[in-house]
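I'd like to ask some things about the structure below.
Chains: A, B, C and D, in written order; residue numbering restarts at 1 for each.
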Amino acid sequence: MLRLDRAPMGWNSWDCYGAAVTEDTVRANAKYMADHLKDAGYEYVVVDIQWYEPGSENNEYHPFADLCMDEYGRLLPAPNRFPSAEGGKGFKPLADYVHSLGLKFGIHIMRGIPRGAVSRNTPVLGTDGICARDIAKTASICVWNTDNYGVDPTKKGARAYYDSIFALYASWGVDFIKCDDICRELPHEEEELVMLSEALMNCGRDMVLSLSPGPAIIDKSEVYKKTGNMWRITDDFWDDWKLLYAMFERAEKWSIHTGPGHYPDADMLPVGAIRQVYDKDAWTAFTENEQITMMLLWCVLRSPLMIGGEMTKNDDFTLDLLTNKGLMDMHKLSRHAHQVYRRHEGDNEIILWTAVRADEDGCGYNGQYVVVFNADGEDAKIKVDPAELELTITPDMKVTDIMTGDEISFDDGIAVAKHCGRGFLITFR
Amino acid sequence: MLRLDRAPMGWNSWDCYGAAVTEDTVRANAKYMADHLKDAGYEYVVVDIQWYEPGSENNEYHPFADLCMDEYGRLLPAPNRFPSAEGGKGFKPLADYVHSLGLKFGIHIMRGIPRGAVSRNTPVLGTDGICARDIAKTASICVWNTDNYGVDPTKKGARAYYDSIFALYASWGVDFIKCDDICRELPHEEEELVMLSEALMNCGRDMVLSLSPGPAIIDKSEVYKKTGNMWRITDDFWDDWKLLYAMFERAEKWSIHTGPGHYPDADMLPVGAIRQVYDKDAWTAFTENEQITMMLLWCVLRSPLMIGGEMTKNDDFTLDLLTNKGLMDMHKLSRHAHQVYRRHEGDNEIILWTAVRADEDGCGYNGQYVVVFNADGEDAKIKVDPAELELTITPDMKVTDIMTGDEISFDDGIAVAKHCGRGFLITFR
Amino acid sequence: MLRLDRAPMGWNSWDCYGAAVTEDTVRANAKYMADHLKDAGYEYVVVDIQWYEPGSENNEYHPFADLCMDEYGRLLPAPNRFPSAEGGKGFKPLADYVHSLGLKFGIHIMRGIPRGAVSRNTPVLGTDGICARDIAKTASICVWNTDNYGVDPTKKGARAYYDSIFALYASWGVDFIKCDDICRELPHEEEELVMLSEALMNCGRDMVLSLSPGPAIIDKSEVYKKTGNMWRITDDFWDDWKLLYAMFERAEKWSIHTGPGHYPDADMLPVGAIRQVYDKDAWTAFTENEQITMMLLWCVLRSPLMIGGEMTKNDDFTLDLLTNKGLMDMHKLSRHAHQVYRRHEGDNEIILWTAVRADEDGCGYNGQYVVVFNADGEDAKIKVDPAELELTITPDMKVTDIMTGDEISFDDGIAVAKHCGRGFLITFR
Amino acid sequence: MLRLDRAPMGWNSWDCYGAAVTEDTVRANAKYMADHLKDAGYEYVVVDIQWYEPGSENNEYHPFADLCMDEYGRLLPAPNRFPSAEGGKGFKPLADYVHSLGLKFGIHIMRGIPRGAVSRNTPVLGTDGICARDIAKTASICVWNTDNYGVDPTKKGARAYYDSIFALYASWGVDFIKCDDICRELPHEEEELVMLSEALMNCGRDMVLSLSPGPAIIDKSEVYKKTGNMWRITDDFWDDWKLLYAMFERAEKWSIHTGPGHYPDADMLPVGAIRQVYDKDAWTAFTENEQITMMLLWCVLRSPLMIGGEMTKNDDFTLDLLTNKGLMDMHKLSRHAHQVYRRHEGDNEIILWTAVRADEDGCGYNGQYVVVFNADGEDAKIKVDPAELELTITPDMKVTDIMTGDEISFDDGIAVAKHCGRGFLITFR
């Protein structure tokens, strides 16, 4: 797999534009990212599902829509939505623009081959007469979208088909593939995933592979590590406390599967101006405290950070939270993160995470993160005992709040608001 | 819970004597431990199941046997097997002896109340006329042993009964309770466990609480942490490669639940002269390589280390392995241990674990453990890439084999025998 | 198996007296049966559970109560409840009385051996030193009653124990055994059932064997046929429409398993003065229509008819219903009964059953039963089409209402009240 | 539902020609049926799956093949295989020919609408602009064939589509529809089945509706009765003893659901020259005894009898068996059939069925069928006791072997060969 220094960070068009994002919007968000978020580490600009569907309007799909594709059944951006793709240029012009900003460009794909290609029986590029019907997998369909059939890995020409699409994407300059209808489809589609992943890794261009949708299957963790850079541990995540609350349990189970270049993915961050395709005034329903909880959990776990909102509408809170120095450091340097305990104390449900903090040079550890969440109950003063972390804190060791930089002491108890959390860094001598 | 510095280490009579251990043997093993193993950290001497059964012969139980008990239905050591218990003195004389050696004394109990006490309807000590039949739980029995009924936590007198037995054990000087028929019986017996644990913690004497049998239920990890110091993550473990091989998966799942005073327990170490009750010449069927695999996994995971064999018959290999300085250090100082990957490389199945190494004073970390197992296939040279641990090894950092102390380099690949493993310590600058 | 002419009919003490029936009451009900029900076919007088428990008060059991038993661990009637049993005479005097009325006598037993016998380790009669502990099955208990342990069929002496109890019951003159904790315990207790049944069939006296509790397991129908004369197809049935409504589905599934001497058992009839042990004025909560539904279903299915109420308090409706000539004939002569359909017609749920009617001499069939139930909705006029029964009704064939004897015609539709049913006999030319 | 006098009998092209039958072959088999089988009751000539696929070769389907259809997405016979269909005449000429022989004509269909129609988005006949994509059900596909998508019953135009295809089939003169991908797809496709069945019943022509594939779901028996005339109780049945042996259990469960016009269907009879599409010399692997077992079970159960072999190659045994007078009578007159018992006797597994025999005029019963099977073990003499049937056989009652007409007596035991059966008729006085 492609080795990455940290979990991917960027923007994805789904939470704000569903299946209907347009080139203008992508360019505007890329520009905003370059101006305001690049320094904090964000770099991927990802066009989500159905960029090949001329009639897309929102988060719903049109069943059996006619899709733009070339003579080899390879999907192409719909020129009415992506004008620079006109004349068969694909995403090359848009990717060039993104690259010109010092950023990277990504697209979404569905596992398999378009049903329209099967209907027309288009030839598979690079084969001697093998056509779409020869490789389509009869009974393998996505249950929530009609664009594709699966590809049967046992059929001659199957790998050639995947080679052909990744060659096309490489020629456009794509840096990131979010592949859908595959992550939670294991084990029955495992062979197709392996074939797809190998084709991508051999296409001649480095591309991150992101597997969707979740929930991923824990017993298949080694398969995900081998084939993908990130994989969704949850079904679609939105701005609802119940979903965020449920993420603690998923994060606990998946924490040990984080490593260099492979990251359990808690899904996009539904912050700021999401759901724009329905309402230009729409805004996340998460409270500020809930957003802090989310960022603390995603960062200590080292989940990918893909912003879901229309970034150009970010308010100060949103931008500050997304670029908070202490959070970004934890996202980069957290190692061996895991939940320490989850228990009721009085009327509160307290969840404690810890992680050690790597030296920037990777030659040791210089501190330890402690993140405490108030997952249920009212605002509370919470007791954190370093002994429960098997740590001794001596007077010459500093404890700071990672988001504010303030020095604190565990001796007095930690004030944590309802549905909020706080993160601390204990710096070793 | 009782806070412990490290996972309990000691000896348990089951693997060598089943339900039939006698006082002489316990004394001899305690003496051996004091002489040969105490310095390495071993301290608990534990008398396993049915010390109250005069007729015990081996690992089989006599159904519905008549058990030694006092007028309150509290079990007493069978004097024919434990002569010093004669005259109602219980385990006090034996515990005194163990303490005199600088060691600690433990016993096994079954959850619940003796069926014989229910049959005689003995009074519950400290209550006003409540008797055994008032608190016995009608349909709660152990499926593999007929000694006890469960105790119904909703019944008046139930807690008093548990208070009465722990008061007795405290008066004897017991330091360690291995409670059986309870660990894998969650969630349906969860309330009885909580009651039992609270009674123990309030008995006035510090006692380790060990929960058996396994496999423990992962979704109940917080219950185990709250009630016990160690809990079995497996059914009875014996000297069979298949069982050892299966432990990798259990260890992976449970690794994040290790902490100060609460340890997932991979069960006794079936080393040396086990099964003595059947054959005085019996010896573990594990190869030396398999025993090394076991010790490496138990120590990096920080599982309790309870020796299962008749220690006085230890050969040099066994004693050396059990007291190896590098292993003992890892068992004490390993933190945040977890499996990094498990994958096939050529004909071998390779499992890699890592952990950071705490400073002795708990104020930081001074190195990182890497343990590599060759879990399937023949002897092999295995490639270990520090980058997969997100580590950089500079020339001024030392890498040593923890069992031999030899310096090594990962650059050349690591020779690991079939079914064996090797552990390394990377020392930070 | 004992061959019977029809499904057993009689009285059982459970619905009115729970575990606390006394000799006086049994005698009074036997006398009443002889006077008022014997001519209709009722003949079994059955003493239900815990006749050996001196302290029984109602439908609740006293856990771990001391039970009356002989030196071989065989239970004996509690003399304080059954005075004629004094002096070790057992049920012989009471059975003699029942026989003197021209009736038959039955008792209830639990599978297995008393826990008290195991506690005392009583010898098994007819063996050379085998005792209760040798044959008790360690982990086989009834989850709702503490009287017994199971008996392990693989142990020497197990069969001898069952032989010994049936020999005792035969010496008393018992004609009917209702064995509990066995019917729905298949398949894990199947071998104990087979052993018990064989012991009973070889005891030298004809006894009906009734298996309880339900629901029986449909895939084990051949086991029930081989071992028992009747088996419960339902958990305890009481005077609640929901339970009666649910019986239609059970009856449909079990209908094909009725045959000579083996009858699926829909449980006792909770009619008249039930629950006497709690309230002398208690009366069934079933409406008259519901009771008619019950009797029609039980009779067409040929379920055993065991009256549950204190019969001496029967009112006219109850006695008339229980002895209705047309119902009794159907119960005796119904053959090949099965549900024809169950469907919604307008607001009603209609269930139609049919059966052919045997000649008394068994040499042919002289008519066909049709039973129509209005299982949901209000009173309705229901269309019954003989063609759905694959029957042609010619003018010279008579159709009568089996409960009133009135001639009717299907042409006009059949008036059936809510939650009621009507049965018809089509007499062939 | 269409009321039928007896379970459908006829011929189906699948077992001999798979998806590749041609007009010549159908005509030849129809002619043979008229000449040799019509008198015995056979009348339906059914063209099985993919008559609309020009390229069909055998029992395998070509995924995503181009199918013949009209401008409304309604499938048409492939003229290269059915020349008389040329010019849009459909099956009318072939049906006319079959009718001219005094027989009836049937075809196979798949639930739903052709994927090709969805691809072209053909209009739905009789609607104002509704097209295929409006009614196709996104995620409803057949897992073993790619011809169709399901139709979504909640969509406007869905019923109109089904009306349009049955109008076409009625115009051709179709008498029998075998609908596939629907029987075992309950409950999730129940609404589509109901809609389809209603459309068929309202199309203006009587057509038998046969539901496939099995196994049908027993809890949905009333749905099948309401919507279909016959439904498959098994997956595809072939000439393999294991499949035949397994049918006993299915037949037992479904026996009570047989009635006028609705028949549990044990599938085609794989007799004679089956698998012709692979090998012109192919012949059933069933022994003669196994074929007798099959015919006895199908006939007593009143399963439809659809011959699977190329009839023109029938040998004497096959033709005689298929037309045996006693079997045909039992198939027509059996009523209330059910299994009596299934048990081991010595080394044999004996299965006994019974049914009563209706008068031809439907006004009573004139005899009783008894069928005994030797389902496991060697040839044996089997004891049949009329008392187990609750029958008395007097000297003036005749017992005959239904296949030979020979009089027999149960007193002597019945010789039954291994894997064979014998059927008897007890004629009432």
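The rule is short, and it goes like this: a residue touches a chain if its C-beta (ideal position, glycine included) is under 8 Å from a C-beta of that chain, and two chains touch if they have at least 3 such contacts.
Keep in mind the model is a prediction, meaning the values are calculated, not measured.
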Chain-contact steps, minimal, separating chain C from chain A: 2
Intersection of contact partners for chain A and chain D: none
Chain whose average C-alpha position is farthest from chain A's own: C
Copies chain B and chain A - interface residue numbers shared by over half, same or different: same
Distance between chain centroids, defined by C-alpha means - chain B, chain C (Å): 53
CA centroid of chain C to CA centroid of chain D, Å: 42
Distance between the centres, which are taken as Cα means, of chain D and chain B, whole angstrom: 64
Sequence positions of chain D contacting 2 or more other chains: none
Pairwise touch network: line, ring, star, complete, or other: ring
Pairs of chains found to touch, sorted by chain label: A-B, A-D, B-C, C-D
Of all residues in chain C, those that touch chain B in their complex: 63-64, 115-116, 118-119, 121, 132-133, 136, 138-139, 141-146
Complex interface listing, chain D residues touching chain C: 3, 222, 225-226, 252, 255-256, 259-260, 335-336, 338-343, 356, 358, 361-365, 387-394, 397, 428-429
